[in-house]
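What follows is chain A paired twice: with chain B in the first complex and chain C in the second.
So, the complex of A and B:
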């Protein structure tokens, strides 16, 4: 019977797969068509590319606003009539860091031109490039915006500068729900469990004890001016360890998987042999065009790695794609409308610091994180990038020592002070390295309930003077229900160090509430510092133009400043522990004392006092005993 | 008599004032033996800070004082040290006066009994001479004011001192025969920490005895007075609770104060029996054992009232002792209150067995508390069992101590 059923299901699978196959081919073809048209357009755009045979002659790729605006309209003209407007872009940015490390940042963007949260359009069943598993989750739980990141290691801002997309160590998840959701907590709970399954991560450990609703720190990054933070949920799992099992499901969300395109570089044994690894998924609704007449869903998958090639490369400061990833690139993802590799050469304008091979004629300038950077661009959609060998292996050879890095304008660190297991103090130190501009930052702290914060001990000092926060939002913890949430708006004076301290008391937990290794300590998630940092150069506020992906994640509202989020170190705090081996002993001993009390009271309550008859001495009793046996009258 | 008492008060206040100014005050403020989550001064300040931030103090799990306490300290927070010193003085004076009244009553009864030759011959040595009794009230006040436990409690600004004052005033009003004030103060004490509820029975017995109303369920006069007293008590309890509601505009304080006392969610170590027991408890037995442990406080009231109905003042002492042993968050301040009554029963000392052992246990434990705490929390060379063992022994001594006395009343 079982065999029969098996056979039947096999037949079914064969039948359906044969049905499904042609349609899959269709979509592939269509996508290829799309990319083909797109490619032709991009050739028109970068009009130098046809003449770009001469490799020594440098050319600027047109990413400037003026040039692109006309092209953008051309783009939309070409594409609006097409029924399926899904779009996929991939890019890799490589930045040689001053410390000798290499920062590689992958970004994959899938655009989906459907608004499934709209009324009457609940059921969307046709998926092309957008992963169905995520699409279904979004529509089921009415998610407005979803950001999830898994990070192994800590981003060292002082050595590496700002990352393109920051993330705290461990797992971080924040979600804006649609304003029609009535049971946000219920949706959140289910969503975390579903995501836990999708990403093979312990997100199911997110519950009410580590979820907060920040009032100001996490604004929606996409469309929708949701300001009611009742629909926002934020949680971190600082203890989460990220490994291959999280990378594989993440790669599966890509349209090409890890078969083609930039994703072939993601070999887990190389990616996890690094100083820093962070993978993230960001989903948000964005405008389709400049007029914002229709909405599209954007799925951004990012993966940031910092390789330490100083130590592993025998002291030689040179790297290549093959050395880093043990792969070379052979083709772009056929579904991608653009596929590019950027290398940051800002510090190397004349080629005196390092040498890139193969050299590229394309250059691009982008304003990213308040700084104008220059990049060499390799367009993987063009055959000449791969050269004669049909393989692209980028190689960088250092010629001299790199100079000092410009200090990041905003930087923070955190530690626990105090000794013993009773009380302690959390110190958060925020540095403003701007020489003359003061700017405000939003500091958000989410502290688990077993560290009882005393808000009256909160002090904020800058330049050894009291710096009163202009806004404080504090929600105290409820034991076993809710963590502490502390949000403050602090004005940082120019070129200063601001120290925020708050005292806490450690709780003794029930023996079942400790983690399996209690003396390792308990993690407290990173503080989040969000700020609009004054920019050195004018930021472009045009959100829809064709910028490189890494420079266009956070929408910029004004030209003079840019948004930065800094995560501090997570804390590891020891708690007092009971002796786990003796619950029975404790129960027995305590109950004994209570029973002694009870016994004494019982004795007291039932005892009656009587005049005591003096008992006869032993000899007399013995004599009487013998007399009784003999039948003689007893002694008196 | 006023001169020694004044001198005593001056000495006590001086000691406290010196300690407040010394570096020890910071240390004492954090001692788990002296402050519990219910009455820590740090938490009072935190509650006020939360109120200033516009957050309800009861929205978190740090503040567990009653609303009236917030409003008291809202105005008094700058004079906290004076408030606590005055409170201690007040408690001592109240205890002094009540024991004085009590002794007068006892002496009068003894005289009548002697005149009517009701004592057996071998009991005569138990009778109290006026000379002995003259110093007893002063001794009681001294036991309270100069007890290191009280001093520590006062220097730590534990609100336990305020609760003690309310209970002491309640005893004074009861012994002076004012049913109205007694009922109101008892309601206030109950409102503060639920447990003094059990003092209702001894107070009622005392009033009945004083008014020569026999405890007879078929007598209307008994029911009349009982209902009258119960009405005063319940009425003032309702008024106080209602007042708190109007001060805060919400009932949040009920779960946060009384729910916290009953369900014992905070397992911070203290000198009681609850913390380690419930830290190590199996989750599915938790509710059962919470019920068992909490019932302990209330459970002995009825049998003790029946047994000791001729000695209501002694019953009050017993109940206070039981509360301080079996309450969920005991501190040394609670212990100090019942210890103050010990001189009142000094004529019974000669019958006590193990008195030496018990007092040694209590003394040794008091010295070992900070030592083992240090070893566990700071040095890391001991573990929680060490501190637990000492709390266990301390409670064993406490259980044995007052009960020993009670055997011979």
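So, the complex of A and C:
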């Protein structure tokens, strides 16, 4: 039946392709025209930057990705007449944080111009830039979208603000499968096994007991109108450790590896000597071009690090690329169409707070997370960035004290209350710091089955008043089969604190279900809070236009608000843990009782007692012998 | 080394092309030595069975062997590395992403491109035996499998806490020497190895190999039955002992070995004499077919690269076919390609709850009760109520 349908659709596709062939030529020409115009723009830009060499007159760049793409495509056209429009971009954003830490965010984007999910297409793919190991996984398991992250440390929203792409501590994996998949659970199980091999992680511990199907919290980030959550699987492993062995395969997915470009900065000794480390892979279908007539696969590899140079650098807030990564940059990845370093200088418009060297004439503005930020841009594809020494070492020197702590509009925290090992209470506190706007958040909790939630004790209070959620989805756990899933849509009143509490009882596990170190406790994954936060400035809804990578991950639907996801702390809960040496103790005690108690009692019962007459001394016996002979009464 | 490689290639030419010639006997013996082992690929299974920070030295032991076999040419795809705990990124490690084998942070055995295949809770007796015997679930990735054949030389290295006849895994279970011997027998029957070198660094290590009964096994242990295997040196900055004595001297020995070196197993048996180790290292060769003096260290710690010489000319200039143009099916689905709203509030609120299998229609229950009451009053009437209540 399926084969028949495939054949039919193949015929259809062939027919349409023959029809659509002339129009294809048109679009190609159009694309060429586009590049031509872009080239002219780029010429203007370069002229301008040459003219504005002195630092007082800064050059503003609206969207600076196009400038080099035209060059890049031109170069690639000269030696490969490949029809596929594969593309690779790399980018590093550095944001000095108010706490004195430095946030460095790498993003690498590989576009793969192929569409194997379409029915009737031959599953022939090229792997020029896209890693083959991932490409084969995508086509084998019919993955529509895949997001995986490995994080060590916890992102402190109160001190650091919002990250570009958030991630919970440990490992997180969520996958949308294509709607033609019949056995989603089987695919999911196999996929996690395969990914555990690719990323050297214990993802094979993802099974039915920690997988959920959120009904509203996770929507596809890429193209696609199917939002039936039967094809969605979500799982976290909060205990998962992240170390060099995870970074090594991650680096190998890059077209340049760690040999050239921004990836040379990724020395594990430095990256893991940090307060926060997170690496992720996001794969999704996106628009191939501005008209959005066809799909292309986007592989986005992100790596976020927060360095604490304030405490480790004797209180000095100076940093440089060399200090952070023990390397300087010498070249861009030759395969990259764009390679840039951005430094956030929004708080430093006139250079009164800190000084950047080398200075750059290029500035860029982007609307990120509801705020308009200004960035200094260093383009690594240009030779002048590297200067005379052929090496680029960015240096930042602080002049004055930094400003106030920023208050994020939305943040959340979570903790376990209660005492003893029988019951407890999970508190989730969500803060809305907006002075006058209320906004909705969707809270998702996935709690393992061994914490038995008392859902009748669920309360949601804001401003000491009951706050009734407008949507509740609760799926109770099944022991050893399924975790609890709780999703609630809550409206947060302006400038308020909303508290969600629910009581639970701790279950007793079977002996073999305990981990080798059960006294460490058991982890409960982070709650996920998805929210539409009111934006300070108008968000740009045109998703297809070229933007810097860090500001173009989440598609924006309306200008007045932006979508953000906040993860709370994972919980560490102690379960009643038996003394595992107990069987040994019991055996010892039983043996002692048997030996001492029963043994002596048995002995007492079975022994026969006889009165033993003491024999008289020798002298007495001799005397009696003589007396017996004499016939005199014997001695007593 | 270059000289030796040249000799190897000559030996190959000599054997494969087999042109009559006048090479000296020297080359013949070299070639004979080269093929004496009879294996075509090398595998390594390196296991650390101890959890917790104070067992840092066991992870360092395993990683130092990993470093050596990788340096001598066994690729990551042929190494199954099992580490029961994460020492490198442990919060107690003052220098994250490093594991040192020598004092004063001299040699980082963790390196920058390590690939750990089984880690943390995955290191269990069950998984270890499944890897050895190849009885893994079908979806297990290749990197977690021991895909050896009857021409494979396998190095198995174990370290951890043990006793007479057992080795503890993660403080919660143990493998006995009989189980291990049976696993090797199963490997032999399934033709999963050509020769196998077993090294164990644990207390009373010799007890782990005394039950072996399968052919082509050679075994080494750090201590005899009744002896403890001791740690080598503490580091004050890291705060724990860095390595065990036996593996420390084994690493020093292996650091001297290079891919073309002629060191043989007899040299390996001399590693760490009692004066250095305090314990007495033991070895067992009675199951092994060859003379240990003729077995090179690189037969197990190195890797064979197969060289085949062809006299045919291969033409590489044929044009590479460009990938097929995508058929322009874009026109059909212009309207369908959109991004989804990430938090469609209205849609979520009006999301219908899952329908249950069957509900009695509204009013059905009410109607049923009315019917019952009606029948009741029809039968008894109001005046009989006092007889009932």
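Keep in mind that, in the parts below, the second predicted complex is superposed on the first by the 504 of 636 C-alpha atoms of A that agree within 3 Å, B and C clash if a C-alpha of one lies under 4 Å from a C-alpha of the other, contacts with A are read in each partner's own complex, and residues count from 1 in each chain.
The criterion applied here is as follows: a contact is a pair of C-beta atoms (placed from the backbone, for glycine too) under 8 Å apart; a residue touches a chain by one contact, two chains touch by 3 or more.
The shown structure was predicted, so the numbers you read here are calculated from the model rather than taken from an experiment.
Colleague: If you stack the two complexes on chain A, which partner ends up touching A:223: first (chain B), second (chain C), both, or neither?
Modeller: In the superposition, A:223 touches chain C alone.
Colleague: See if chain A has more residues touched by chain B or by chain C, and give me that chain.
Modeller: Touched residues of chain A are more numerous for C.
Colleague: Report for A:607: first if it touches chain B alone, second if chain C alone, otherwise both or neither.
Modeller: The answer is first: A:607 touches chain B but not chain C.
Colleague: Can A:582 be said to touch chain B (first), chain C (second), both, or neither?
Modeller: After superposing on A, A:582 lies in contact with chain B but is clear of chain C.
Colleague: Touch test for A:626: chain B only (first), chain C only (second), both, or neither?
Modeller: neither
Colleague: Have a look at where A:511 lands relative to chain B and chain C in the superposition and call it first, second, both or neither.
Modeller: A:511 contacts chain B only, not chain C.
Colleague: So, A:590: does it touch chain B (first), chain C (second), both, or neither?
Modeller: A:590 sits against chain B, while chain C stays out of touch.
Colleague: Please identify the positions on chain A that touch both chain B and chain C, taking each partner from its own complex.
Modeller: none
Colleague: Can you check the complex and tell me which residues of chain C touch chain A?
Modeller: 51-52, 86, 88-89, 95-98, 110-117, 119-122, 137, 139-144, 170-172, 322-334, 336-345, 348-349, 351
Colleague: Quick one: which bits of chain A touch chain C in the complex? Just the residue numbers, please.
Modeller: Result: residues 13-14, 16-17, 20-21, 23-24, 81-84, 113-115, 118, 121-122, 124-126, 152, 189-190, 193-194, 196-198, 200, 202, 204-205, 215-216, 219-225, 227, 239, 241-245, 248-249, 267-269, 271-273, 287, 291-295, 440, 442, 470-471, 473, 489, 515-517, 530-532, 543, 554-555, 557, 563, 580 of chain A touch chain C.
Colleague: Name, in rising order, each residue of chain B that touches chain A in their complex.
Modeller: For chain B paired with chain A, touching residues are 30, 32, 42, 45-46, 48-50, 53, 55, 59-62, 265-269, 273, 275-283, 293, 296, 300, 303-304, 307, 325-326, 376-378, 383-385, 388, 392, 395-396, 399-400, 403, 406-407.
Colleague: For the complex, give me every residue of chain A touching chain B.
Modeller: Touching chain B from chain A are residues 419-423, 449, 452, 454-456, 472, 474-480, 484, 505, 507-512, 576-579, 582-583, 586-587, 589-590, 593-594, 596-598, 600-601, 603-605, 607.
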